[in-house]
Each structure stands twice: as structure tokens, then as C-alpha cells.
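Presented sequentially are two complexes of subunit A, the first with subunit B as partner and the second with subunit C.
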Partner chain A sequence: MYELLDALINGRLGLGWPGWAVALLGHVAVATLLFLVAPVQMLFFTYYERRAIARMQDRIGPNRVGPEGIWQPIADGVKMFTKEDIVPAAADRYVHLLAPIVVVAPTMFMFAVVPWGPGMVPVDLNVGLLFFFAISSISAVGLMMAGWASNNKFALLGAMRAVAQMVSYEIPAVLSLIAIVMLTGTLSVVQIVAAQGGLVISTADLPGVPDVGLGWFIFTPVGLLACLCFFIAALAEGERTPFDIPEADSEIVAGYMTEYSGMKFGLFYLAQYVLNFLLCAITAVVFCGGWQGPGVGWLAAQGLSPANPDGSWVFNLFAGMLGVFYFLAKTYFFFFVMIWARGAFPRLRVDQLMDFGWKFLIPLTLVNVVSAAVWVGITRWGPEEGLDFTAQWSPLLRWGVAFALTMAINVVAYLTLARLYAAAQAARGRVDLEELVGSVPTSA
Partner chain B sequence: MAIERGNVIIVERGRRKERLPGSGLLEGMAVVWRHWQGSFRKNRSFSQIHGTFTLEYPEERPKLPEAYRNMPILLYDEETGHELCTSCFQCQRICPPQVIHMTQAKDPATGKPVPAVAEFVIEYDACMSCGFCAEVCPFDAIKMDHEFELSTADHGSLTVAKEQLNRPIGYYERIAPTMWAEVREQALKKLQGNIKRRPGVLGMAPNLAEKIAARLRELATTAPVEAAPTTPPGPSAPAGRLSPEEKAARLAAIRARNDAAPADAPPPPAPAGARDGHGEPAPSDVPPAVNPADAKAARLAAIRARNAARAQEQAPPEPPAPPASRARTDEPEG
Partner chain C sequence: MPSGCCALCIEMLKTEELQINIGPQHPSTHGVFRMIVTVDGETITDLKPVFGYLHRNHEQIAEQNTYLQNMPYTDRLDYFNSMANNHAYAMAVERLAGIEVPERAEYIRVLMVELTRILNHAGALGFLINDMGMWQTQLAFGMREREKILDLFEAASGARLMCNYFRFGGVARDLPPDFVPKLKELLVAMPAFVDELERLLRENEILMQRAEGIGILPRDLALAYSVTGPVLRGSGVPYDVRKAEPYSVYDRFNFDVPVGSVGDVYDRFLVRIEEMRQSKRIIEQIIEQLPDAQGGHINPKARQNVRPPVGDAYARIESPKGELGFYLVSDGSTRPYRYKVRAPSFINLTPLGDMCRGYKVADVVVILGSIDIVMGEVDR
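Showing the complex of A and B:
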């Protein structure tokens, strides 16, 4: 953006603006664009979710407002805006007002590091992933503010559940990302995407493979397990159905949102769907290649770039469009999986949520980190790092051995942990029963 | 420390099958996937579990079963123009929320009640669509409609009077053909019987203006014949009361029969009054302990005696014969 504006303002128009002004203009333009895109995505997601879940429940879903009901979210938005804004008399007015803002703001910040297409990233931070997750946990503060300020026991319960859930599930989420960070050796989201060229095998592991943008991490055992764990943790982070405990409407009304109405409630809603969009997006970016896909790399190579000064800007445009298409298609696919899980699974209990996170997901992601280390050791390390015996192997053999080894580690770890976890849960169930009846029939 | 929480029922589920961990979750998702896939076609068969059940209402209309019931309506016969309702008050009595109100028609000349309804009001807003009124109506005059789009912003319009309640029989026949076919014959027969007892244009559906006009014209041509009995000497009695003439006539009839009975047949003619359906008060309620043949003979004799008494009673220059016969039939309301 900066180069483009600089070329336009100082080159073509010859206005001679200072660098900082051009940079400011560029960032303001991008930020404005993203602030427009985020609510649109949220509106689309509410519609998408309602239609998809309806189909899963043998219904049709909203199809009255506009063609196939596509304007339904707009109608809902208008409704939101015209509702009365109620603040409970006993609430802490200012914290109550501030909470939705504190929840929404981080989700907007998170857009800063998400790459939409080749070269289409607001800021390419070298600690992009870290930024993403650090910022996302700020919204937990907002949730606690909402629950506390409402002065309502349901709201407080919901907020405490939300915070507990967020804190516990951030660990498996980050641990599964660490495995990918180890594979790529970078925290920059842009470089993680760039490392996923290739065809099933990433070009980073096997330099000879044709680059059609399909070397996604999800095709490796490490990446697959990391993707599954991350997605489950993302469900919990985004408070999606099997983990929608903070707003379990059958237990605690609407959790921390109980005392909110009108547009303040709308802001929570917005934050939630934007967060879901971002979590799906980051899953797509980190594990499924983001904008990578057949054709994008080729188009981008034909386009105008410092390396290729006589390319045509048309190719840049097409590469961007195709990249955004792939990125959004993957994101929407992951959101579909979220809806699918919502259609299929009932809500967990709080203790089950904690057990699952701490006793199953975290050990599994830790094993996956070990797998990632094995992968890196076999495919990358050589005599300099003190690993002599792989020096004579061909890259393909190295890749194969790494694949088989990490696969074995992960499968064994999964089966063992699942068995241990099941045994632990059964033991816990027996203890619960003993508390209730005093003794347990031995046949069970 | 055992917590007391009432009875705990332990369900024995047997040993879990050894399966790949997580396969249960995948099976659950597969079920949902099949529903999702199936939902792109419509499902109108309730034996199928896949496919969209939704009926897109304003465009697609449900096919209502014949016995569907929403709000009650009143029927009239298109041919004669007469309403089936006789104002017997059965529906008003049974209606659980008490939303049916009516007034019985009166003969304008004599003030006597006529088997027809003058005004009939149903408060649709409180009607609970139980259909009791239609069940209980002995004349099949009130039936349950299939019209359900009744929402309105005007509350008052939900108090519905006879003009809006009236539907031709053909309408009901169309919405519930077999149900009407079952009752058609007896309903029309009863209607014919009731039409005979409705003077003038009483009991004709008010919306059939030309039918009423035609009937009035027809009545005008036969006026001399009709006028004599309907203009009896003396002022008409207040509503709901028998005129002195009628009372006298009836008393005379009873007395004549009582006189005739001992002479004609030894057993009292009790069953006669009860059986011939005219609701005439039985002179005696003692059931005769005789064999059926004797009872029949006795009944025949009683009828003969009464006819004789009536002939005697009409012989004196007491003109209003039709009122006398009507008085007898209308006795329950008298």
C-alpha cells in the first residue's frame, strides 16, 4: 500500500508529500477498509449460520427478506439499532458501557495481521501470530467487565465461565501453533503462508516439488493434529456450541450478555462473529495455506513486483482476486464445520470442558510439539547441528522417514491419551456416583 | 459423606464396545451431514426423516383434513333460503367459554317462539375452537370452518353476528364432503320439518334478499288463506307466554282426552304422550304393567281418543286451530 500510494502521490502527481504522511494515509485507508469488511463478514456469517443450521435441522431458515433472505441480517441490524438501551439501576454505568467496546476493539486489531491474498496484509509483523493471540485474550477482560458491571449473578457466572474457558483453551491453541512455528521457524503470518507452496509436500521440505500452492501443513501428521487441536480450542475460544458454556441459555440466560440490550448487545454479537471469522481465518491461514492455491503463485509471478518490473498489473489484480477467493473459501469452509459441530453436539458441562482441555488437549499438543521437533530434525538438520546419519539420505527419503515417524508418534499418543482420558472420566463418574448413592454396583 | 438427593437410578448400559476414540463424534457429525444433504429436497412424507419439512406458508397451503376445525359457522340451505338453526340453545349451553349468544325468533303476530334464530353472535376472540357446538347441534346447523387467517387489528370485528356466520350448505359440502354426506339426509329432513313451522320469512338467511322477496310475494298471493289464522281475535300475548286462548284450547284438549281415556281403554295412555315426540305432558307417569300387545292397543286407543277430542274441540267456533297445534309442539319453551 505504501509503495503504491508513494508512487501515485509523489511519483505520478508529484505532490512531494513526506513519507510519514503517505504512510498515514495508507494505513488509514486500509483500516477503514477493514472496519467496513469486518461487520459485513459478521452480517454474512449470521445469515450463513442460520441458513446452514436450518438445513441440518430439516428446515429452510430465513428466506423472506430479499432473494433467499440475504438481507435478513440487515433487517436484524435495523432491529438492533432501534431497540431500547437498558442499563440496570444497580449496574456500574461506566464499566457497563465500556465492556462491549473492550470486547470489540481487540477483534478489530486482530485483522491487522491476517493476510487476505498475496501481498495483501495490513501489517506484516514479524511476531504476527503472537500479536494475534495476545490481542485476542484482551477480550477476556471485556467479558469480565461486562459480567461484573451488570451486577447480575447470571452475568457474573457467565463471565467467570468465559474467562476460565478462554484462559484454559488459549494454551492448547498456542501450543498447536508452536508446532507450526517450529516447522517454519517464523512467527510472521505472511511467511507461514509462503512456506505452504508445493503439492502435498511443501517446497520447504522438498525443494523439487512443483509449486501449485498445495503444500499445506494439514497434509503432514504434525500439521493435521495441530489443526484438529487448534480448531477444537478455537471452538472454545469463540464460544461455539459444544463449548458455548459462558452463554448457555438454558442455564444462565445469556451469560455475560444478560443485562445488555440494543446496540450494546449488538456489539457483543459483532465481536463474537468477527472473532469466529478470525479464528476460522487463522486456521485457514496457518494450516491450510491461506490464499495459497493452484494458480495464485503463477499469477503473482507474472505480476508487477520489484523482482519482475516488466510484469503487468492485471496479473497482480487476478492473483489478488484468486487469493482472496481461496482464503475466503477456506474460511467459510471452517465456519461451516463450526456450524456442523453446533448441529451435531450438545453442550459440555463446565468440568467436562476443563477436563478435556487440561487432561487431553494440552498433553496431545505437547506431544505434537515433540513430533514437530522430530520433523524438523530429520528434514532440516545436518552435520552442522550434529545430526550425521541423515546426511546421505535423499530429501524424499528424509521426508518419508519424518512423515512415518511423526505419524507413529502422533497416533500412539492419541490412542494412549484417549484411553487414559476415558479411564479418568470413568473413574470420575464412579466417584460422582459414590457420592450420590454411597456404593456402586461392581458389575458396572 | 453421602449426599441425600432422593432416588438415584443407575442405568446399566453394558460394557462399551472398543472403538477408535473419537469415532462417536464422527458418527454424530455423519448423521447431521446426511440431514444437511437430504434437506435440499422437499419432504412431504412423514415416514421419512430426511428432507425439508417446512411448508412455505403463504405460497404453499396446507391441505387441511376434513375434520380440521377452526371457528364455528352457521349453515343455510341455498334452495329454500332457510337457516338450519332452530335456536335450540344446545350450543350456547355447551360452549365452555360461553361465547355463543342468541335470541330466538318470535312470530310477530302471536309473539310465540318459532324454531328459528333471530340473532346469533359468536365471540371469535374467545372461542377456543373446541368444536363442541358443532358436535352437540341436533340440526347440523353449526359447523367448524376451515378459514384460519383471522388475525386483525380490529378487536371488535371478532364479535361475529349471524350475517357473517352464515354460509351456504354447499360451502360446507366443499370443505368437508364426507362429513356432510353422513348427516345430509337427516339434516335436510329436519329442516323441512322446521320450515313448516316458520311463519312468513322467519328463519331465512338475511343475505338472500331476492329469495326473501320472492317468498314475500308468494305469501302475498296466498294472503287471504293465510291471513285468517294468523290474525286471531284479541291482542297477541307477551313474549314467551301462552295466550289465554291457547291455554284454554290446551286445557280443553287434555280434559277431553282424560275423559275419553277411561271409556276407551283401561290402561292409562301414559306412553302415548312420551312416545309421539310432541312433548305433550303425560297425564300419568305410571308405567303400565301389561304385555306389549296390550300396551300397543292401549296406545292406539289413546291416539284415537285424542283425535276425537281434538275434533270436538275444533268444532266450537274457536277459530285459531293452527296456533293450537303449534302451542303443543313448542311446549318446552312455553
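Showing the complex of A and C:
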């Protein structure tokens, strides 16, 4: 961004701005763009979800406001703004006001590290993934604030559920990302995307592979399992069915949002959909190549860059557009899976959710980390690390052996854990009733 | 038992119990029903059902009306199953006044009540899964099936929900000529829907986890609370008024009474699915036997503004929700001296506290959904 603006302002227009002004302008422009894009994405997501789920339920969905109901989210937004903002009399006014802000702000920060296209990343942090998850955890504080400040028992129950769920499911989410971090050796989201060129086999594993932008990690056993585990954890993080327990409408009304109305409620809603978008985006970026796809790499190579000063900016433009298209297509696909799950699954109970996270997902992701280590050892290590025998293998053989080994480890781990988990679930009868009977107060 | 430091920690962590009001305004209490729930964390230690928010003096008002005026009024009890309510009330008045019902009218009545059973269960199972958190999908499918049956009701009675179709001595109108062909079409499509519903339950891991072993109502307790209908049969008691005391023409049909074994939500679910199949079986037999039935749709000699002799009568039917009974006392005037409804929803709801104790907050709504209540009938 800096180079582009510098070339435009100081090069073409010859205004002679100092570097800090150019950088400031660039950051302000990007931040403004993102703050516009995020709510628009959220608006479109609500529409997309309502229409898609209506199709699944043999209905039509919103189709009154504008062509095919496309302006429905705008109408809903206007409604949110015009609603009375009610603060319960017994609520803690300031915490009640602060909670939605604490929930929304981190989700906006998280946009900072998501690459939209080749070279189109707001900030290329070298610890991008870490930043993403560190920031996302902050909203848990906001949820607890909302639940506590509302002075409502449903809200409190919802907030407790939300925090327990977010804290538990961050572990499998991060563990499944660690496998990818081990494969790429970097926490930078941009470099993780760059490592996914190739054709089924990544160029990082087999240098001779034609680079058509299809070397996604999801094509490897490690990446596939990590992707599935991460996506399940993302469903829990984003409070989506079957893990929408914190706001289970049929149980605790609306969870921590119960006492919120008007735009404060709208902010929670916004935060939730933006978070869902980001979780889908990060799934697409880390496991499915982000903007990588056939054509983007070639277009970007033809474009204007320090390595290719004769290139035309038209190619840059097309590469960017195609990259953003691929990125959004993948993101929307994952969001569609979220909608699909919402239309097809009942919700788990809170204790079943915890069991599933701690007893199934975390061990599985831990095994996957071992698989990732095996993969790295076989494809990357050589005589320096003391693996002399792999040095004589061709890269393709190394890739094949790594593929077979990690596949075997993951399949065996999955089947074993699934059986153990099913047995543990079957053994659980009625919830420790015998212990409880003593403590039951006799009703008057 | 943990000892030393651990025991001390647990002692210090001793938490308070929280009392939550679920209802009367709550998304999944199926109306204005209130539960005072005492929870220890998420586990229920006590639950008290509170009724009466929809009380509208039904029985007292009915005593001010003539007998026929009460017929549309019974529709409003269990607004899902107006035909079944009509049937029980018509039977009670007919017993009181000694009115004969022609054979054909009996067949039409049974046909309507069995269709009602199918539509009730389709809706009830949809609501149950909705309470589990499957956002309206199954409910939408259930409602779609229900609409098809409501179309038939509309063709026969002119109304979809509040049918007011029954009269003393028969039914208000004969079936329209295109009714039976439409019914046959419906029956062809029905098994696919029921199978789909069952496949959903048998193969969905989450649904199984939420339903199996939840809300167990043991056989003895069910009998002690005089629970009836699918809830009782789910607990393993093969009691069905249609078999125990065959009324109308039910003795002419072959059908089975499905029973569960454990008495959990899962069993109630399965019993309802099987009842839909059995109702379909009954309707098929009705279609076969209907052309040979004697008489018209109503006894032409039956007076509608009845003035029954002094006495009392009780009539009960197997409504989709359980045993529905009407007890009438006549003082010889045109209005009932006493009018009493034995509402299955109300009686099935009373063991809710015992069914929920020891489960989680999330299970309460599922257990409530599996009882299948309609507040119009609970609070009369």
C-alpha cells in the first residue's frame, strides 16, 4: 500500500509528501475501507443466511424489500437504530454500555491480518495467526460483562456458557493451526497463503510441481484433519449451531443478549456475524489457500512489481480481483456450511459440548500435531538433522511416504478416539442423579 | 471423597442455588406456562410447574351456553386437534340424550380424528426438534404435512383450524365428492415423510444424545400420575382408549398400539412416529369400508337443540395427546348443569418436575416438548 501511494503521490503527481504522511494516509484509507466492508459483509451475511436457510426449510425467505429482498438487511438496520435503547433498572449502566463495544472492537481488529488478495493485506504481521486468536479471546470478556451487567439470570447463564465454550474451544482451534504453522514454519498469514501454491502437492514439498495455486493444505491428511477440527472449533467460537448454546433461544431466551435492545443488540449481532465471517475467512486462508487459485499467480507475475518493472498495472488489478473472488468464494462456501449445519442439526447440551471438546477434539488435534511433525521430518529434514536415509529419496517419494504415514496416523487416531468417545458417552447415564437426590430440597 | 486441601477447596467453593423463572413469557414454553426452576449450576434440583395464565373460565362459560353452542367452543381447547375435541363432546352429549349415530357418520368421525392425530404428531415432533435447537427445519416440514391435512379439513368443514364439524348424531356435512381421491393422494405421500422423520432421529448423533435417557418417566410414576397418551405408552404401558374401551367403530379396524421401553424422550418420539403409521393404517381401512357404510352423514331424527333428560354422562376418546374426557350433568334444561373436561395435556404436565429433576436446564424444554402440551387445554 505504501509503495503504491508513494508512487502515486510523489511519483506521478509530484506533490513531495513526507513518508509519514503517505503512510498515515495509507493506513487511514485501509482502516476506513475495512470499517465499511465489515458491516456490509455482515448485512449481506444475514440476508444470505436467511435466504439459504429458507430454501432448506421449503420457504422463500425475505423477498419484499427491494429485488428479491436484497435491501432487507438495510431495513433491519434502520429498525435497530430507531428502537428504544432500554437499560434495565437494576443493571450496571456503565458495564452494560461498555460490553457491546468490548465485543465489537476485537472483531474489527482481527480484520488487520486477513489477506484478501495478492499483496492485499492490511498489516503483514509476522505473528498474524497469534494476533488473530489473541484478539478474538478478548470478546469473551465482553460477553461476561454483558451477562453480568444485565442483572438477568438468563443473561448470566448465557454468559457463563459463552465464556466456558470460547475458552475450551480455543484450544483445539489453536492446536489445529499449530499443525499448519509447523508445516510452513511461520505465523504470518501472508506466508501461509504463499506456501499453498502448486497442484495438489504444494510447491513447498515438491519444487517441480506446476504452480496453479492449488497446493492447499486441505489436500494433505494433516491439513484435512486440521481443517475439520478447526472448523468445528470455529462453529463453537462463533456460537453457531450445533454449538449455539450461549444464546440457545429455546432454553435461555437470547443468552447474554437478553437485556439488550436497539443498536446495542445490533452491535452484538454485528460482532457475531463479523466473527463468523472472519472464522470462515481464516479457515479459507489457512487451509484452502486464501486467494490462491488458478490464474492468480500468473496474473500477479505479469503485473507491475519490483521484480518486474516492465509489467502492466492492469495485470495487478486483474490478479487482485481474481484473488479477492477466490478468497470470498471460499469464505462464502464455509459460511454456507455453517448455515447448512444450522438447518440440519439440533444443538448439543452444554456438558456434551465440553465432553466433545476436551475428550475428542483436543486429543485428535494433538495427534494431528504429531502427524505434522512426521510430515515435516520426512519432507524437509535431511542429513543435518540426522536423517540420512531420506536424503536418497526423490522429493516425490518423500511426499508419498509422508502422505501415507500421516494418513495412517490420522485415520487410526480418528477411529480409536471415535470408538472411545462413543463408549464413554454410552456409559454416561442420567446425570449423577444419585448424588443429587440427597441435596434436593423438598418442595413445600 | 477428596480429603485435606481439596476438601477445603470444595467447601470454600460451595455455591448458591439459583432460582430461575422460565416463563410465562419464554420462547419455548408452548404458550403462557411458567416453570420455577432451581438450578445448581446447570443442573436442575427442583422444578415447579405453574399453570393458570391462560385460564378463561371455559367450563363455567360452557354451562351458560346451550349444548350446541358448546360445540365450536370445544374447538378452542386444544386448537391443534379441534376434531378430536368435537368427537369427545359429541359422544358425551349423545350418551346423555340417547342419540343414535349412523354408521357412515361414525366412519367420517374416526377418519377426521385419525387425520388429526397425524397432523398433531407431525407438528409436535417438529416443535420438539425445534426445542432441541434445530432451527425450525423439522417444524417447517411438519407444518407442510399439516397444511395438506388442513386442506382436507377445509374441504369437509369449511374451516382449517376451528372446524366445528361434528353435530349431535353425526357430522355437519357429508364429505365432498373429491375428498376421498385427495385423501388417497395424501396417503401415498405420507410414508415418505414419516420415514424421513424416523431416519432423521435414528441416524442423527446429536439428536440421539439429546433424546436418549433424557426425561425418564418410569412406568409406576406414569401410572401414579394417571398420565395418558403417547407419554404413557412411551413409558411402556400399552393403554389406549381405542383398544381398552373401543368406542365409535374402532373395534372394526386392525391397528397396533406402539409402546416404548424406557420412557425417555426418545421413546415418546418413536411412539409418536409409529402412531402416525398406525393412523394411516386405520385411514386406509376406513377408505375401504366407507362405501358400504349404512346411513347418511347425520341422523336425520337428531335434534340439535337438545334437551337431555336429567342425568349425567361421561365420554372419553383417545385424543392425539391422551385420554380426553367430557363429563356432563343435565338438569333437563337446554344448558349443561355441569361441564367438565378431562384434558390430557394438563394431566400429562403434572409429572414434569419429577421428569426434569437431575437433568440440565437445556433438557427442560426438550422434556416439555416431548410431553406435547397445548396451553389452551391445560388452562381452561
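Quick notes on this one:
One rule holds for everything that comes next: the second predicted complex is superposed on the first by the 429 of 444 C-alpha atoms of A that agree within 3 Å, B and C clash if a C-alpha of one lies under 4 Å from a C-alpha of the other, contacts with A are read in each partner's own complex, and residues count from 1 in each chain.
The rule we apply is simple: a contact is a pair of C-beta atoms (placed from the backbone, for glycine too) under 8 Å apart; a residue touches a chain by one contact, two chains touch by 3 or more.
These figures come from a predicted structure and were not determined experimentally.
Once chain A of one complex is fitted onto chain A of the other, the partner contacts of A:Phe345 extend to both subunit B and subunit C. Applying the stated contact rule after C-alpha superposition, one finds that A:Arg59 touches each of subunit B and subunit C.
Within the superposed three-chain arrangement, the count of touched residues of subunit A is higher for C, of the candidates subunit B and subunit C. In the superposed pair of complexes, A:Arg93 makes contact with neither subunit B nor subunit C.
In the superposition on chain A, A:Lys79 makes contact with neither subunit B nor subunit C. Common to the subunit B and subunit C contact sets on subunit A are residues 56-59, 343-345, 433, 436-437, 440-441, 443. On the subunit A side of its complex with subunit C, the touching residues are 53, 56-59, 153-154, 157, 241-242, 244-245, 248-253, 342-352, 425, 429-433, 436-437, 439-441, 443. Interface residues of subunit B, counted against subunit A in their complex, comprise 1-3, 5, 8, 10, 12, 21-22, 25, 28-29, 31-33, 35-36, 38-40, 43, 49-54, 56.
Residues 52, 55-60, 63, 340-341, 343-345, 414-415, 418-419, 422, 433, 435-438, 440-441, 443-444 of subunit A touch subunit B in their complex.
Chain contact summary for the complex, subunit C toward subunit A: residues 18, 20, 26-28, 38, 40, 42-43, 45-46, 48, 129-137, 140-141, 144, 204, 206-207, 209-210, 213, 216, 353, 357-365.
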